[in-house]
Amino acid sequence: MLELASTELDVPEILTRWYTLELQNNFGAYIPFVGIVREEGGISALSFDVYEPLLRSWFDTWQTRAKEKGAKIRMAHSKGDVRVHASSFIAAVFSPKRRVALEFIDEFVEDFKANAPIWKYDVLGNKRVYAKDRSTPIKGSGILGKSR
Amino acid sequence: MLELASTELDVPEILTRWYTLELQNNFGAYIPFVGIVREEGGISALSFDVYEPLLRSWFDTWQTRAKEKGAKIRMAHSKGDVRVHASSFIAAVFSPKRRVALEFIDEFVEDFKANAPIWKYDVLGNKRVYAKDRSTPIKGSGILGKSR
Amino acid sequence: MIYVEFLGPIPKESVEIEAASLRELSDILSRDEDVKEWLSSSAVAVNDTLVSSLDTKLKSGDRVSLLPPVCGG
Amino acid sequence: MIYVEFLGPIPKESVEIEAASLRELSDILSRDEDVKEWLSSSAVAVNDTLVSSLDTKLKSGDRVSLLPPVCGG
């Protein structure tokens, strides 16, 4: 239920495939979140590094939380370059009830932004510049810097 | 941006068409909410009455609120019968920023449930039974009952 | 004459009624066996705008809609 | 020996280091010019589990990962 792609995401294909896969599970609400690369700051693309082992354990923790509420999460993310106006990230919650789905998609996407082990770079000309100002230290960061 | 259909909604077609239509508008987040008819209580379908003039003015008010935040709302709803496991309602928010989109989709769907002039019926055999227990009086209801 | 319509599940066809205000209309409808139970839970629109006061005046040709509890989606 | 990897934008290749605890590793890395500026903003995983204490013991073969500030999506 966590898909990593080495290209930009095919939004219609993913939204349709996930919907079709879950049709038989009697969910009442399906809420995808589609993240699209905005044209800004003169970039031609964004580029992503993903640390897959920790991303998978982070995702599994969320899937367990969702399951306890009868819900299910699906997620896809790109590795490498994703052009302006293309999609790098899709997450979706399926749930019997709308309230649970609305709350999960919000909490999941916010925690994803804050703690998922993925690094973003602006592609400017042929340079790849770490998006330091938009990045957030993972919860519990900094212990190695505290011993001085 | 408000679409009323006399059949169940074609989820892949709508999610894809809306995504494609907005691609050039440089939105960073696209969050659809897809409502699916759950199989429960022995129903074969739900059925809907829609009062279109007030639904349109209710929707226009929301569109104005969204526009003030640089966002945009699209919505589709069925009239008449919608079978179990089919979709009767899709709403979507497009926004430059994820936070605005996550907040709008939640507030919009909740206000839709509480105040949009649509009536729901369970289809049980060949009977159409008003879903009274799941229905909510529109904000400001009851004035005609207060004169006694 | 005003035109009164009963939306959604209210089991009554549209009617034409003589009434100069919503208060007057309320008096008339509360004597109608098919409708009276819906009055305390229904919203009211005049010419497709929701109204919140019984003192709302009505003029000939106005269209009043009764909207019982809703459940879209 | 433990194996230390620097993820994302930290400009350093993986290295093998002799250290018996994260505290000891911290002392070593804080003398490394390429890495020291990243220490106060990076999370630490040992064998792909995030850890929160400098007193975490390390044994030969352990893999320590430094995770600088993230921004997915």
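We just call them A, B, C and D in the order they show up, numbering each chain from 1.
Criterion: a contact is a pair of C-beta atoms (placed from the backbone, for glycine too) under 8 Å apart; a residue touches a chain by one contact, two chains touch by 3 or more.
Being a predicted model, the structure only gives us computed values, none of them experimental.
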- Where centres are the averaged C-alpha coordinates, which chain has the largest centre distance to chain A? C
- Once you find the CA centre of chain B and the CA centre of chain C, what distance in Å lies between them? 25
- Message: Taking the mean of the CA coordinates per chain, how far is chain A from chain C in Å?
- Response: 49
- Indicate the whole-number Å distance between the mean C-alpha point of chain A and the mean C-alpha point of chain B. 26
- Of all residues in chain B, which are in touch with two or more distinct other chains? 35, 98, 109, 113
- Task: Quick one: which residues in chain D touch 2 or more of the other chains?
- Result: 73
- Item | Contact pairs between chains, per stated definition | A-B, A-D, B-C
- Query: Which part of chain B faces chain C closely enough to touch in the complex?
  - Reply: 35, 48-51, 53-54, 57, 77, 88-89, 109, 112-121, 130-132, 134-148
- Enumerate the contact residues on chain C facing chain B in the complex. 7-9, 22-23, 25-27, 29-30, 39-45, 48-54, 65-73
- Query: Which residues of chain A touch chain B in their complex?
  - Reply: 11-12, 15-16, 19-20, 23-24, 26-40, 85, 96, 98, 101-102, 105-106, 109-110, 113
